[in-house]
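Next up: the structures, one after another.
Each of the next two complexes has subunit A plus one other chain: subunit B in the first, subunit C in the second.
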Partner chain A sequence: MGAKVLVVDDAVFMRKMIGDILKKEGYEVIGEAENGKEAVDKYTEFKPDLVTMDIVMPRVGDIDGIGAVKQIMEKDSRAKILMVSAMGQHALVVEAIQAGAKDFVTKPFQPSRVIEAAKRVLES
Partner chain B sequence: MGAGPININDVQKDILQEIANICAGNAATSLSQLLNKKIEMNLPRIHFIPVEKVPEVVGGADKLVVAVVLQILGDAPGVNLLVFPQEDARILAGILTGKASINGVFTEMDQSAIKEAGTILSAAYLTTLSSFTNFGLVPSTPTIIIDMAGAIIDYILIELSAVMEYALVIDSEFVEAQKKVKGHFFLLPNAGSFEAILKAIGA
Partner chain C sequence: MGVEQYKDLFVSESEEHLQLINQALLGLEKDPHNNNILNEIFRSAHTLKGMSATMGFVSFTKLTHKMEDVLDIFRSQKIPVSSEIVDSLFYCLDTLQMLLEEIKTEKDLNLDIDSVVSKLESAIPVISPSDSAVVETVKELSLNEIEKANLAKIIKEEEILVYKIDISLAADCQLKSARAFMIFNSLDAVGEVVKTNPGVEDLEKNRFGLNFSILLLSKMAAEKIEKALKGIIEVSGVNVKIVNDVNELPDEDYAKPASKRPVSPAAVPGKKEEGPADLMQQFGLKKIQSIRVSTQRLDKLMNFVGELVIAKIRLMQIAQTFQIQPLHEVLTNIDRLTTDLQDEVMHARLIPMSHVFDRFPRMVRDLARDKHKQINLEVSGGEIELDRTVLDEIADPLVHLLRNSVDHGIELPQERKEKKKSVIGTIKLSAYRERTHVLIEVSDDGKGISTEMVRKKAVEKGFITEEEVLKLSEKEVLNIILLPGFSSAETVTDTSGRGVGMDVVKMKIESLGGTLSFESEVGKGSRFSLKLPLTVAIIRAMLVNVCNETYATPIANIAETVKVPIEKIHHIEKCEVINLRNEIFPLIRLQKALGNQYLSKSKTTATKEKDITIVVVESGGKKAGLVVDEVLGQQEVVVKSFGILLKAIKGFAGATILGDGHVALILDIGTLIGSN
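After this line comes the complex of A and B, so read on.
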């Protein structure tokens, strides 16, 4: 079985798309979260090898995407987080990387871009 | 009281048309990448209208539409609105999810897919506009509304407390194989933002 992945995105469509891309490549999607708070809770519960994290999500429990990165990194400094951003979000990407995220992919993406980025993050 | 005629000259309109062409081209590329399918785009038409006329563009205040609304934050704040007639929205959702709609109902997955497409299209438009103006234009998280066109404008003006007089309309038609999806992109700059955009593009 491949690496265990937690997919975080407020859009169910995007969670399915990213999950399908990773599953086809042999990854095991062990959980999904639709906001930053749920992401932190599920990270603690599942201890995934990799997290894909949407950079812009509604703030729930005072945690957004960047906040979730910070809280996960506080819990586990070796966490491997791949940010998923859209065009025009460079400032947020920089903030996420400074908070501990390892890499990012920009939507819309080809499946190969996600796979390459996931491998890079896991090998980092 | 409605807004008066907008003061824009032919040169300014030409520049904005050119920006719209590039915006729509980038949007088609983005949609193509999202779908992993070839998407072609007809050249968009642009026009300016008072905000209260927006529902007329999409078929009237009573017309049922699907809209993706994003607030624009940054150097030229306003609202970005993508409106699809319901039939076109169903076609778009079908292309994105690979499933035909059941009894014409928009499932949670359909709505999520349309919202995501709207976000990506808006990002493509705003990034292009940003590169021409050098403005930082940051979209908020999107809201999807399935309602009558008139209610969507009420939402923007009342719920978002937006203050604006004019809308820049970019009518675009995206074609995937034999399936056409017509969408209306509206840029609704807050008071002052439209003048700032014109000044920034040097028109």
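After this line comes the complex of A and C, so read on.
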């Protein structure tokens, strides 16, 4: 079985697409979350090998994307988080990486990029 | 990658976001300083941009990108938005909606995106220069004299190497600055970055092409550094060279402070907004978390459940007749399960009212603008759920009622001022749940309906004679506006028009098994109330026997069932009426009302019984007594509508299959009372 992935994005569309790309490559999507709070909860529940995290998400329970990265890293310093960002989010990406995210991909992305990034993050 | 399969998902999710933006824009218009709302719109535009770019919808991406740019200017500079901006954002939103329509239908609507973009741009007071302008540097990485001296000293004193690293990013790399940051981050692990070309600030602000150079101090071997860098995605080329003599590097013309590494951009404004966590909730919106099931499938499911309910009832009758104990036990279980199943399926068909309500604030806003009126629409109860079929049908009547309120109800600001009312008129649209019904009210604080005017108009139009009109109570006069062809507006406007009258609204509501009532006070306003059943597929009905036929009467229409002595029947102008607790209402005899000479003689008339059984029914605020031979009991019935062939038959709302397999007709109380 491939690595277990938690896909976090507030758009169903994006979750589906990222999930499909990863599944095709043999990864197992063990869970999805649509906000930072859910991401933290599901991370604790599923202990995934990899998390893909949307960077711009509505604040729920005072946790946004970056907040989720911080909380997950606090719980598990070896957590492997791949940020998914759109164009023009330089500052947030940098903040996420400083918070412990391992890498990022930018929307619109090529599936090969996502796979490449996922592999690299898992190897790190 | 085949993105076609994601189109449906894209469309439905985009619709949600457009709706969200619509709500938020309306909120922004009222509160132009609210940065939280601005952020909310920004986020939706941002999500839309990301999704459409992934799908490859160029125009959609272009427009949402522009929207995002504009919104970013406002939110980062904290400028209150002008009404022009809101207008052009609305315009933009409309265009997006059309674009989505284009995507949905795959028809080219020839939309002019550029004009929308330029409209947006022209509404911005100052366009800040874009940070992402690419300046390709041809300059080599260079050092000034002091730097060179320092470096030479370090190399000599410590066992450290100087590397000049040239890095090329992949052509499709989009967040170059963040990627550069990642590269610096990984170089941190192997050494120390002393200089970059272009400068750190330019790298941070995205002001570079695909290539940049770094001067690194490290104790590691070149291969290791190269390997670390090649492990980063979006890095297409790495060239690591050892610099043996710092003087090999070109001289820098001017002294420039060399910062060690890119500074974290925590100082970027507008990123850490505090505020209410969920603006969606603030606007009374409900996020849809659902899978998509076609409505046809739901209808089918409902139909099957209906059949199951019928089968269950038959089985129960068999168990009753033959008194089989084990069967009884199983049936109790099946009964509970089917009830639960029926409940669940019914709820699956329920949709929050907000689906219809959400379009109204925008509509009222636009209408009010057209009419130069100032109107505040207060919507409540959007979370109340209603059957999809019912909801689909009430949208038009509600539009009509709201238009009426805007057009005929609320006065012009000047007029309101003179009447010492608040200049801004209020229209309230609210929904409540009342057991198996949903109440929807549209009320306004406008001028109300003048009974004088209605009287005059009714006589003019020949609905009623002058003598008759004087006999009518105020309430009855008001009810005249519900008659077909009556329009109380003095002039026909393009808002309310003449197309649909109140009679159509009333008919529509009643065809759904609901009722329409209203009250109005001159100078104070009007209130229209719609009472609607939660669902129309399965109803509770009272089974009655008339002339050896079984009929189902919807419980919703029944006020009470009484037995009265035959002497209590009075005759008023050949009409049979009954006086029940000082309330006088007509009696309906089915054989007469339905005009069926084939019906066998009613038991009551045949045997001249002393008491007659009356089911008191009501519809549209009117009561009548339905004379029946026998009340058989209450039951849930699955409504099967008539086919086209039988649709013209008045008096019946449909048919149902009873437990014993017989078909019973469901009485349409509304038309029965009306035709009596």
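Basically, the second predicted complex is superposed on the first by the 124 of 124 C-alpha atoms of A that agree within 3 Å, B and C clash if a C-alpha of one lies under 4 Å from a C-alpha of the other, contacts with A are read in each partner's own complex, and residues count from 1 in each chain.
Just so it is clear, contacts are C-beta pairs under 8 Å (C-beta built on N, C-alpha and C of every residue); 3 or more make two chains touch, one makes a residue touch a chain.
Remember, predicted model here, so these are calculated numbers, not experimental data.
Asks: Which partner chains sit in contact with A:117 here, subunit B, subunit C, both or neither? Use first/second/both/neither.
Replies: So A:117 only meets subunit C here.
Asks: If we overlay the two complexes on their shared chain A, which of subunit B and subunit C does A:86 touch? Say first, second, both or neither.
Replies: both
Asks: After superposition on the shared chain, which partner residues are touched by A:104: those of subunit B (first), subunit C (second), both, or neither?
Replies: The answer is second: A:104 touches subunit C but not subunit B.
Asks: Of the partners subunit B and subunit C, which touch A:58 in the superposed model: first, second, both, neither?
Replies: Both partners.
Asks: Looking at A:12, would you say it contacts subunit B, subunit C, both, or neither? Reply first, second, both or neither.
Replies: both
Asks: Scan A:94 for contacts with subunit B and subunit C and give back first, second, both or neither.
Replies: second
Asks: Which partner does A:41 contact after superposing on A: first (subunit B), second (subunit C), both, neither?
Replies: So A:41 meets neither subunit B nor subunit C here.
Asks: More residues of subunit A are touched by which partner: subunit B or subunit C?
Replies: Tallying touched residues of subunit A, the top partner is C.
Asks: Taking the stated contact definition, name every residue in subunit A that is touched by subunit B in one complex and by subunit C in the other, in rising order.
Replies: In the superposed arrangement, which is not itself an observed complex, subunit A uses residues 10-14, 16, 56, 58, 86-89, 91, 107-111 for both subunit B and subunit C.
Asks: With touch defined as at the start, can you tell me which subunit B residues reach subunit A in the complex?
Replies: Listed in rising order, the residues of subunit B that touch subunit A are 30-31, 33-34, 36, 96-97, 108-109, 112-113, 115-116, 119-120, 123-124, 126-127, 130, 136-139, 141.
Asks: Can you list the subunit A residues touching subunit B in their complex?
Replies: Those in contact with subunit B are residues 10-14, 16, 56-58, 86-89, 91, 107-111.
Asks: What does subunit C use to touch subunit A in their complex?
Replies: 1, 3, 6, 9-10, 13, 40, 43, 46-47, 49-51, 53-54, 56, 65, 68, 132, 172-175, 177-178, 181-182, 185, 204, 206, 231-234, 262, 264-266, 268, 271, 277-280, 289
Asks: What does subunit A use to touch subunit C in their complex?
Replies: Touching subunit C: residues 10-14, 16-17, 21, 34, 56, 58-62, 85-95, 97-98, 103-111, 113, 116-117, 120, 123 of subunit A.
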